[in-house]
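First up is the structure itself, then whatever we jot down about it.
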Amino acid sequence: MYFASDNSSGVCPEIMEALQRAAGGYATAYGEDGETGGLQERFGALFGREVRIFPVITGTAANSLALSALTEPWGQILCHQGSHVYNDECGAPEFFSGGARVVPLPGAGGKIDPEALRRAAAHTGHGVHTSPARAMTITQATESGTVYTADEIARLTAIAHDHSLGTHLDGARFANAVASLGCAPAEITWKAGIDVMSFGATKNGALGAEAVVFFDPERAADFERRRMRGGHLVSKMRYLSVQLHAYLDDDLWLRNARNANRMAARLHQGLTGIDGVTLLGPAEANEVFAVLPVRMADRLREAGAQFYGDPFDDPAAAEPLEAIRLVASFCTTADDVDRFVEAGVAAAG
Amino acid sequence: MYFASDNSSGVCPEIMEALQRAAGGYATAYGEDGETGGLQERFGALFGREVRIFPVITGTAANSLALSALTEPWGQILCHQGSHVYNDECGAPEFFSGGARVVPLPGAGGKIDPEALRRAAAHTGHGVHTSPARAMTITQATESGTVYTADEIARLTAIAHDHSLGTHLDGARFANAVASLGCAPAEITWKAGIDVMSFGATKNGALGAEAVVFFDPERAADFERRRMRGGHLVSKMRYLSVQLHAYLDDDLWLRNARNANRMAARLHQGLTGIDGVTLLGPAEANEVFAVLPVRMADRLREAGAQFYGDPFDDPAAAEPLEAIRLVASFCTTADDVDRFVEAGVAAAG
Amino acid sequence: MYFASDNSSGVCPEIMEALQRAAGGYATAYGEDGETGGLQERFGALFGREVRIFPVITGTAANSLALSALTEPWGQILCHQGSHVYNDECGAPEFFSGGARVVPLPGAGGKIDPEALRRAAAHTGHGVHTSPARAMTITQATESGTVYTADEIARLTAIAHDHSLGTHLDGARFANAVASLGCAPAEITWKAGIDVMSFGATKNGALGAEAVVFFDPERAADFERRRMRGGHLVSKMRYLSVQLHAYLDDDLWLRNARNANRMAARLHQGLTGIDGVTLLGPAEANEVFAVLPVRMADRLREAGAQFYGDPFDDPAAAEPLEAIRLVASFCTTADDVDRFVEAGVAAAG
Amino acid sequence: MYFASDNSSGVCPEIMEALQRAAGGYATAYGEDGETGGLQERFGALFGREVRIFPVITGTAANSLALSALTEPWGQILCHQGSHVYNDECGAPEFFSGGARVVPLPGAGGKIDPEALRRAAAHTGHGVHTSPARAMTITQATESGTVYTADEIARLTAIAHDHSLGTHLDGARFANAVASLGCAPAEITWKAGIDVMSFGATKNGALGAEAVVFFDPERAADFERRRMRGGHLVSKMRYLSVQLHAYLDDDLWLRNARNANRMAARLHQGLTGIDGVTLLGPAEANEVFAVLPVRMADRLREAGAQFYGDPFDDPAAAEPLEAIRLVASFCTTADDVDRFVEAGVAAAG
């Protein structure tokens, strides 16, 4: 019953086998190998257009390096107030950009409110005295377990582009979003106005592999320098590329994501109606958010469940509450979910 | 006949097997797992004292993050003019330190000349107008294929500490140095005055794993923040840690390094006396440097050998020359070496 | 009728005369002169304790350099959402700190709300993943024309220090605050828990002179390096120091500020009751904020008045409104004010 | 007998009078005033072409801001090893550029050796692993008291431009160079291939005023943001601009420089032939460099002379030597010089 994070899952067998097959032999280092070279075409086919793709090892690196290509050091990066770049990267976007400001915007369900974006993008302040907005970043699937529709993304990127902002998509859980929408990857990226994205694989079965994908090749001009200077040019890069190829082979990425999404939906359904449990929003991707009594959360943990929670302040509540997050992954089983739900029912009784 | 770089070798079987064994199951992300926790004690035992160790994915990250802990943004980092930090990291030390200056020093055989170090460390310039020297970094084994003795290191660190400089050792090929000297790791690190080191595994058989090891724990106070902010806190860190454990198990790291060193020695011996080939220095670690006619280098490449070379300018030479570097690794075979030497003999003929 | 900014005023005669007297002769550059040396004691006497003071040329430099001494590059600087550091320095605090995040807090009348500060200071987020709050900065007099009492400041700094935050006071209009409160400078600075302040003179009659004053000398350890590296170590520094001495001589700074405050109060009083004019808050320092019909603002400008204004959105308003700011300075005259008020009355008629 | 630095001289009367005249009245802040606006045309006329000019307060700011417009954070700035940017700015070029590397080149008489420049500019190293050369900066007059001819500058800038490097001229003593050569300012700047320069006035009679002058307007696109973010947008900028206008009025800048140069030549001539004094190079601008016995230097100081000196190591010398620098300024008098020479003669006796 491990629902703490999809980062806590291991390596899925198909990717481990691909690494095993590629383990021996020689290949030119630093991405001058055939596996890495092949990624350009591979991702080009995936997205239905020419792209420039650069493997890196962490999502924070992918996001920060990509954003640094969209803003000068004195610019602003507009994001959702609940986003990873704002809350969980310890200043990496500021570091890689040379000091740009990350500005949090409100919005329901983890999605940037278009009107808030418009105001922030249009804010010119006092001319040269004020940091200008230069980039917008959205997260897909969001940090709230929701998924932007293609139209929602297009609406935001249109506002961004109207004000000359570059647009970035943090796709740490991109597979979950695509699996949820059943759309082509292009529909929610470049066709919806995204200039560059972070394409995640680690949370969804890879050992450690992310990619920065530029749909606007001009934005990529300095990227190799940025990546090298950040210590993110991996010497044996073929092993990142092997993971990414295996991740796309036979739609592994979508199969893994579909399992995670199904398990989250099963959790959501199972928790519905349990006395004392309030579900926060739908389970459109692989995460479920809920509020329940601390007493219940403790009982669930005693029963062996792992998940993160924060105290939830509600003056009207009869007992202390906790807001919890449950994350399913490629390897979550129906049995895991059912045992958790049973333990929840028991705890509520 | 692949002698281009030890980075071009693959993953050694023992490490691949360890990864395979650890592939499944759940573990807390971001280094809060048991494998990573165990590294503190493991490296403590290796070095015979308490250390603080932080896994990262690249040598450039290890070097740059470690150096950033030794200098303010306005300081100087003194290094050898042939070092990786000066020539091959595209400004990463400058980036991570927030703008420190990397100052190249001369010295024979890839080793910093003590007198040059003394002058640079003592240079105070015009008070607040001049960047103060704050750190020294040496490379072990050096970029010239030589190995510092413990005494040579102690001499340099004594000068550095006399002037309040922190000391760093770039150990991308540390195993080769230890194997070459047959000493305890402590002898050429903290006992010789090193405050922090980059401990490499990638070039010597790992898939991708390096570690920053602090012998002066106070220097490590901010390291976790620095690593996170640099995008170098790997989420599934257990897979870096598993590699490092396997690397140390049964002295794998030294066995791998000994093979690489033996093969370099065999290359050196085999090339000795071939007409037209001038060997540059001894082969104390796993690299051989030589000058030979371009014509010969071309013949060797045609025969299937891979290696890097640069034009070598010698006005007195009868024909164009090339300076080449040959690197052996954990998987270089005697047969590789012997065929290369034979091809060299044939090319000279 | 020049109410656009106190920065638009000139040099007051006493300071110009002091510069004239000091114009000739030789003095060691870069602050090693007697005038600059004497500032330590001078400001020590002003504040009733040992201080370390560093002249600089702009308020943005003073603020940014001071704040950079209070936070690591990965920290957060908490400020009011209407503050100069947040809105008007084009990322200078981020630049000088190496990428720290400037976080805006709410609060009525330009003053940070203590509860908002407490929450932001206490927010630890996800450990190493989250930028920690490291510094708080307040503005005195505020950007809303109000003045913090000593108790209000002490309350904020107590919260800040409870969470190990350094505390900074942006005193671009410090003289106006001291004149308004009639207190000793110490009462609203170090005795109220301020660690370092920006002491402004430029807006209040200097040609160009600000000072960073450290009440916690340990915080000043690196300041000279920071100032030099920022290009803010002025070579003929004696001319900044001469201004600062003249500024304090015979309480010139307070006399100038008192005039500005009186003129703002006269403006406030004169505008009170004019039909269509809504005054926003009291005039505790040298600024008056008001909302009035665009039509009236235009008439005032036609009559020769200079001031800044922004459209003010009020759906209930019968006609378009404008929010204006009127700033008085050391050289504002009662005649200026009275003519403005008369023009306002005429425009309202 | 004050020869320590031209920075130690005061404000020349013409500039002080101009400041006095401009002291009162109102003007829009931050450079939106008429004096500042007029500088564009004024400097355009001076240089015989359209320029973009930005006043700043220090030479370090001028140099660092200008250089930051010529290189990405991962680039190299090539300079003379004796230059101010390399030795006397405490990392300011690194800071403003976001971490670029400042690379010292050799060359006689304070001038970059063209062949050394060619090698450094052409050095591509290991592709993305190596910081690329992006900018060259020269100093005119040099730090060795010499003056580049127009041809010498053109030769260096041709090499720089051949390798796509931007070119900068540090003109802290530009007036001395122009006065020395008797040429038009254009001849040794844009006509000789300079893209941007630091135009100094402070050392030559101003209270504090420098200017960054772009001959390539495209390079200036971000300059206002850079200047603001560096805290170098002075609020009462009219007082910098007034100084610059006065500096150019009636060729004051050249008259001041001519006096300084004449006095340096007089010093040089006077010291020629004094027993024990070895003059280092000619006095082409306003500086004289010499080696003399420590004993003599001490005697000169006892006689009231002020100048800087460093121990000069010469194993063949009969007694300890000192290398000294003597700087003349706009206010140095023939009497100062003659008394110094007399004291020297006496000390040698």
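Letters A, B, C and D name the chains as they come in the text, with residue numbers starting at 1 for each one.
Convention: a residue touches a chain if its C-beta (ideal position, glycine included) is under 8 Å from a C-beta of that chain, and two chains touch if they have at least 3 such contacts.
As the structure is a prediction and not an experimental result, all values here were calculated from the model.
**Student:** Using each chain's Cα centroid, which is most distant from the centroid of chain B?
**Tutor:** Chain C.
**Student:** Identify the chain pair with more contacting C-beta pairs: B-C or A-C.
**Tutor:** Most C-beta pairs in contact, of the two: A-C.
**Student:** With chain centres taken as the means of their Cα atoms, state the distance from chain B to chain C in Å.
**Tutor:** 52
**Student:** Find the geometric centre of each of chain A and chain C from their Cα atoms only, then give the gap between the two centres in Å, rounded to an integer.
**Tutor:** 42
**Student:** By the touch rule stated above, which residues of chain C touch at least two different other chains?
**Tutor:** Residues 30, 73-74, 89-91, 95, 98, 128-129, 225, 228-229, 233.
**Student:** Give every residue of chain A touching chain C within the complex, in rising order.
**Tutor:** For chain A paired with chain C, touching residues are 73-75, 87-91, 94-95, 97-102, 125-126, 128-131.
**Student:** Which of the residues in chain D come into contact with chain C in the complex?
**Tutor:** Counting only chain D, the residues touching chain C are 2, 4-5, 7-11, 13, 16, 19-20, 22-30, 56-62, 64-65, 89-92, 95-96, 202-203, 207-208, 225, 228-236, 239, 306, 331.
**Student:** For chain B, which residues count as touching chain C in their complex?
**Tutor:** 30, 72-74, 98, 128-129, 222, 224-226, 228-229, 233
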